[in-house]
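First chain written, first letter: the chains are A, B, C, D, E and F, and each begins at residue 1.
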Amino acid sequence: MKLRLGAAALLATLAAGAAFAQTPAPQPVPSPTIDKGDTAWMLVSSALVLMMSVPGLALFYGGLVRTKNMLSVLMQVFAIVSVAALVWVSWGYSLAFTEGSAFVGGLSKAFLRGVDATTQVATFSNGAYLPELVYVCFQMTFACITPALIVGAFAERVKFTGLMLFTVLWLTLVYFPIAHMVWYWDGPDAIANAALAGGDALATASGHAGYIFQLGALDFAGGTVVHINAGVAGLVGAIMLGRRVGYPREPMPPHSLVMTMIGASLLWIGWFGFNAGSNLEANGVAAVAFINTFVATAAAALSWMLVEQAVHGKPSMLGAVTGAVAGLVAVTPASGFAGPMGSIILGLIVSPICYLFVARLKPRFGYDDSLDVFGVHCVGGIVGALATGILVDPALGGQGIADYAAQPGTAQFAFPGYATQLWAQARAVLLTLVWSGVVSAILYFVIDKMVGLCASDEAQREGLDLSEHGERAYNF
Amino acid sequence: MKLVTAFIRPFKIDEVRDALTEVGVSGLTVTEVQGMGRQKGQREFYRGAEYASSLVPKTKIEVVCPDALAARVVEAIQVAANTGGIGDGKIFVVPVEQAIRIRTGETGDAAI
Amino acid sequence: MKLRLGAAALLATLAAGAAFAQTPAPQPVPSPTIDKGDTAWMLVSSALVLMMSVPGLALFYGGLVRTKNMLSVLMQVFAIVSVAALVWVSWGYSLAFTEGSAFVGGLSKAFLRGVDATTQVATFSNGAYLPELVYVCFQMTFACITPALIVGAFAERVKFTGLMLFTVLWLTLVYFPIAHMVWYWDGPDAIANAALAGGDALATASGHAGYIFQLGALDFAGGTVVHINAGVAGLVGAIMLGRRVGYPREPMPPHSLVMTMIGASLLWIGWFGFNAGSNLEANGVAAVAFINTFVATAAAALSWMLVEQAVHGKPSMLGAVTGAVAGLVAVTPASGFAGPMGSIILGLIVSPICYLFVARLKPRFGYDDSLDVFGVHCVGGIVGALATGILVDPALGGQGIADYAAQPGTAQFAFPGYATQLWAQARAVLLTLVWSGVVSAILYFVIDKMVGLCASDEAQREGLDLSEHGERAYNF
Amino acid sequence: MKLRLGAAALLATLAAGAAFAQTPAPQPVPSPTIDKGDTAWMLVSSALVLMMSVPGLALFYGGLVRTKNMLSVLMQVFAIVSVAALVWVSWGYSLAFTEGSAFVGGLSKAFLRGVDATTQVATFSNGAYLPELVYVCFQMTFACITPALIVGAFAERVKFTGLMLFTVLWLTLVYFPIAHMVWYWDGPDAIANAALAGGDALATASGHAGYIFQLGALDFAGGTVVHINAGVAGLVGAIMLGRRVGYPREPMPPHSLVMTMIGASLLWIGWFGFNAGSNLEANGVAAVAFINTFVATAAAALSWMLVEQAVHGKPSMLGAVTGAVAGLVAVTPASGFAGPMGSIILGLIVSPICYLFVARLKPRFGYDDSLDVFGVHCVGGIVGALATGILVDPALGGQGIADYAAQPGTAQFAFPGYATQLWAQARAVLLTLVWSGVVSAILYFVIDKMVGLCASDEAQREGLDLSEHGERAYNF
Amino acid sequence: MKLVTAFIRPFKIDEVRDALTEVGVSGLTVTEVQGMGRQKGQREFYRGAEYASSLVPKTKIEVVCPDALAARVVEAIQVAANTGGIGDGKIFVVPVEQAIRIRTGETGDAAI
Amino acid sequence: MKLVTAFIRPFKIDEVRDALTEVGVSGLTVTEVQGMGRQKGQREFYRGAEYASSLVPKTKIEVVCPDALAARVVEAIQVAANTGGIGDGKIFVVPVEQAIRIRTGETGDAAI
């Protein structure tokens, strides 16, 4: 139930009121059906997104640390995924995707109560449904990867137990609420039926949606929920844990860019599940999200290479894959809204901006965001979130914003104008930055007091592999 | 000429190199080695099986220098590599009979 | 044609007899149709299961051996997959999935005679069919991975030629018969039509099924056929080949836990094809199998970490991924039968039990199961097989057992009670242990006499990469 | 819109003329529908083919070079994929898949003008369509991997900038035209409608197809377009750039066969998308392509092992995976045409032939095709292209060649005989060899003059990672 | 003091270390090396191309010990590393002029 | 006896080995090392951060030979390893007091 119904369009409809809803002879909303092609696609997408975390992200990050910390990174990602999956089915799905307040859902489906092989959820097309457990699985993979993204910010120094505790609390207090705010709504048929019912029904149904959804902000696959959210939590963590021993005096070159390249490639592959899967159906719009995810990434990789060529005289492989990831991040919120050419522009733009943060501003400010979670995910996510508000414009090849109330039973596409949409996007970004930044800071503080978050200098010297896990990555 | 060999902690290599450059050493060679000594190795567990290695990673530095410089080389290493903890390592001095620069064929102190 | 029709339920139906079949007005069994969504899902699942073997399992195992034996493991897995695929299409598919005796099929489809782009096979829903070649491909991947699992037990010492010979014979004499016994049956429509036909027809149709199927034992995706089967063959092999030179005196730490982690992750990803693919359709039950495969694994990874935290004070990455694999193994037979919460319990339980075998009992008994094929796959498989008999209970969130004869044309779900079901499960386990154990022992003995199975001490010292394959894994 | 309508069959139909078309009561061609199962399958296939390039091919090649050149190979593949994707959506898709001359398409869809979420393309079944963007994505992945294949021929010495320039020009002047010649046609419904229309309509519609298509040559998934094409471009490049410094005096063993094995495995997995995806629908023929891709590979791996066993007394892992790739290459053109047993024969045959070129003829002729792009891809591609002309024969278990005009509305399958078909195949091979060989030579020459193509001896000594990209693959 | 350097078979390292501990050696350093000698290297084939390496993996052990201990150190190694097969390796003894413990600055035998 | 130690360019190893075999050396040991000297190291950039390493990969060759052979060994290496460019490396000669062949227990020149 990702956001494709912009509240802006919705409100316009409400204003146009009864008149609007009457104009076309009210057709009945199509009865719910499940297409096995959609189910197949979403199961595959879920597997693809899990592959983004393990081994994708784990390798992407792991290759960038020093040998002595390799396993700690792999372990952190693997363990976070495991813990997040259990938290998700226990209370996460319910908090994110059941009705509650505008800020967080309720506990009616805690421990998947009432969810079984026969229950269904809506997609973005009237009448098209999915087995609910498919949706639970797909969204689970998002809850698994988001906290795992954060670890890059304080890699090579975070303590394992504290990190696990942080994961559980951060998911509960930050991720589930923000996912609810951005993505929860009643679905196309509920809106269509409410529009047909007339009176306050449409306003009521629309009012069930999450707060950011109601703002009219667009986030196709998680620019705010996943990347800005994790990125700012990472920055706060990097600052609060302090720098690694020896940073920035000692050189800390990546121990295996080969692993980083494998990871980046698997991220790219898996991201098709992430973005095109977020369409929930195997149709032409999924193909739009797919091709956008393809070309924005290619453009961003190229653009980072060009920056390096200009600055250092040589394009590096690490640069290319970093650019690719920046492109993937930026296109995430835009993937089902922009057109391919818009996505290419977005990709070309995002890399220089991220490069600026990673290579210039980070050293200037002196914080030690080990693997540039802020510079790539948060900054890239912000660029993408704002750009989405522009690129969705059909005049620029975008898809427009679906309105399910205008002609109940089919979606109509509209665009409220740059000012309106950009303002909605900006508010979504700011709210996410503040919510995630503040709550994360509190969590780091409390957990550090309780169980400790930062490994001792000696443990860092020895490497977290041995000090935290008692094993070595390689015994060649 | 003397060959000064030191076994030091790996992360000290940059400081030692700088200290040596300061006393006038222009060349040296570095090798990754594993040392046994008083410093305890790590206990590792793999599926419950314990491997208690007595070896810890060390870095070996070899510097050939004129006799006159040897004492200062030794001192520079000793100061720069020191942390005061067990496992700081050792320095050994061995006499060298001849040195040749491959490129030019120069020998003796001129070759170093 | 995996087992979802429990013979127990079936027999109950037979007893209830004609009366039962009459009660609802006999509807015609739906006519066979193929849904492209199912076909898409099964093709993807087949690719996923192949990915489990190469590179998944190969890396998982390869990372655990010493550098000098790395290639030998990769090679063994790759070669076994290749040989098994050829054996499968030559006579394996026919022996496993055509009618024959209760213990093994016939040769009517040897070399895929009569199987082409237009032939069809049944799934677990009345009227839902798949192109037969899709099913041949999917099941082929199972025949490829099962013998590859065994090599972990005598890694670092087995000779290549003997192993290839063993693979061909073991598949023929152990795997195909057991697959036939567990999974072969006439399919839902045949049962439904037989029920409609009345008289002895139902008993006759049911009697076509494999022996273990007829026992009423449940094995959704291969707990007995794959894991117990391979696990016990591994144990016997480990004992009969003897220990590696230097074991257990010399330390033999894993040469690259990074590869092991990549392998474990790909196993997890691929296992969705293995388990959810075993449903043969992209529907809500596939989603059940998918989510079970997700959360049981997460729970087992966590649970192994907790055991290590308790025992050694540090959770290790190898522990986490070993736990994950144990969870995957255990949930395999249960994946389409249990519910998510039951699967979590199963995951939490299986890791401590496997840990006990791997870390305590193996050293005590002194056999050298190099990579713990017995301790993880056989033990985990047994835990899963037995637990399936409990967790399938709808009262515990399970799916129940399908009965296609009660209301011909649709499946009804029932549960015969713990005692009945556990007894069926236990008999299946025992039969598999004995059959596989005994026949494997004979094969090892004969092949060792014929061509030799264990590399010489000198070859082991040098490493199998050079001695058996004349190459090195790494030349950094 | 891959070739399954052999022009030979088509011409036969034209000859049989009106009579033929009249015999069955002319049914209307089914109206266009999109099945979400097809869409799901094609999206997955696209992701799989991208995975073949990154990380698959990059690792396969990267593992074979020396440590100091590892990143350069990964970078080349990653950058080529990125650049090719941008070129593809800019003018590639239009040049390959719009009407133009028999040799190259037009620019009507440049920058994807007019292509959006609602436009459709034909498949190989009457009435079955795909969202056009799905097809754009799928074919994009082919345009990405083909130039990446070439880099193996001059790995460890090519300069990055020149290579990027070559990629853009080669795609434009070689790949797009050849893809157009082999694969472009009007689609099944257009042919059927033309047949129904009578008169010159059928000849006109058939005349829209690409030149090689009109020759009647079969290439299911790219034996000519991808492998012969890249292989001969590689050979020419290897010769024109000259040998690597130190070749063949210095030993240049692969630095990590582990990476090569991972790469080969991912190639195998991804190739299911390549071959079975080329069927464009998730149906029984996709399953045929799938199983052929499976068993031909297995047979070729085995067969290479046997050759090595015979020649050196030891089968090597590099041999097994090289054989697997040779098998994949050979089965590519045949995958949807041959039967499984024919594919096994093809696999068994191709390895010894490739072995001969790689291990015997290359040293004899003395050219330095670093990673055997010619010996494996071009030679294997030629073997496959010719064998396709035989194995398609239904008498040998093949699928026959579809004729959409014989009974408009459904495809009829026929075979024109070995002589006809082999001659068509041979002409396709020759045309590809000449076109690609000549144009590539010109491009190498011009680019070398303009920006330089071969790294200096000193840069080669130091390694391209440092000299071209300023980074190291490993810092253990 | 003497520096005793031994090139041995890699799998003998544990036995040699134990033997040295027994004769009173408390520190040593280990390096992975490749040796050429009478022992034949491996023939390797990569896609039919033969690489006949003359180098075989060996382990180098360096022990600095007081003059008095040198003979026993040599003997301990010789016994523990022996398999009787070609390629068992060599031991070389070189004079050491000075030894310094970095941590404490101690010199001479006390530093070892 | 002498221990001749040379630090050379890695790609010169085969030529040096052949040259040594020619002058009658039958055994030697090779180690991968990293050298600092006049030859400049590489500038590397990772996400814009520069790491200017002063170390370049070198190969260390150790040959123990009878006194009489030492001069020819040195010369053979010097000629074979020479490219004329900065970074060709150095050769050092150190006296060896004793050599033992582990397999046989032979000592002195016979052990080499």
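Throughout what follows, contacts are C-beta pairs under 8 Å (C-beta built on N, C-alpha and C of every residue); 3 or more make two chains touch, one makes a residue touch a chain.
Model, not experiment: these values are computed from the prediction.
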Which chains are in contact with both chain C and chain F? A, B, D, E
Contact distance in steps, from chain B to chain D: 2
So which has more C-beta pairs touching, A-F or D-F? A-F
Chain-centre distance (mean CA atoms) for chain D and chain E, in whole Å, is 55
What whole-number Å value describes the gap between the mean CA coordinates of chain C and chain D? 35
Centre distance in Å when chain A and chain B are each reduced to the mean of their C-alpha atoms: 49
Can you list every residue of chain E that touches 2 or more other chains, as numbers and ranges? 31, 44-46, 94-95
What residues in chain D touch two or more of the other chains? 35-38, 40-41, 44, 253-254, 256, 262, 312, 314, 316, 318, 470-472, 474, 476
Dump the list of chain pairs that touch, please. A-B, A-C, A-D, A-F, B-C, B-E, B-F, C-D, C-E, D-E, D-F, E-F
Chain F partner contacts - residues on chain A that touch it in the complex: 248, 251, 253-254, 308, 311-312, 314, 316, 318-319, 322, 355, 358-360, 363, 372
Inside the complex, what are the residues of chain C that reach chain D? 34-41, 43-44, 46-47, 50-51, 54-55, 58-59, 62, 70-71, 74-75, 78-79, 81-83, 85-86, 89, 111-112, 116-118, 131-134, 136-137, 140, 160, 256, 259, 262, 468-476
Which residues, counting only chain F, touch chain A once they are in their complex? 44-49, 51, 53
Give the list of chain F residues in touch with chain D in this complex. 11, 14, 42-46
In the complex of these two chains, what residues of chain B are touching chain E? 2, 6-8, 31-38, 54-55, 58, 60, 74, 77-78, 81-95
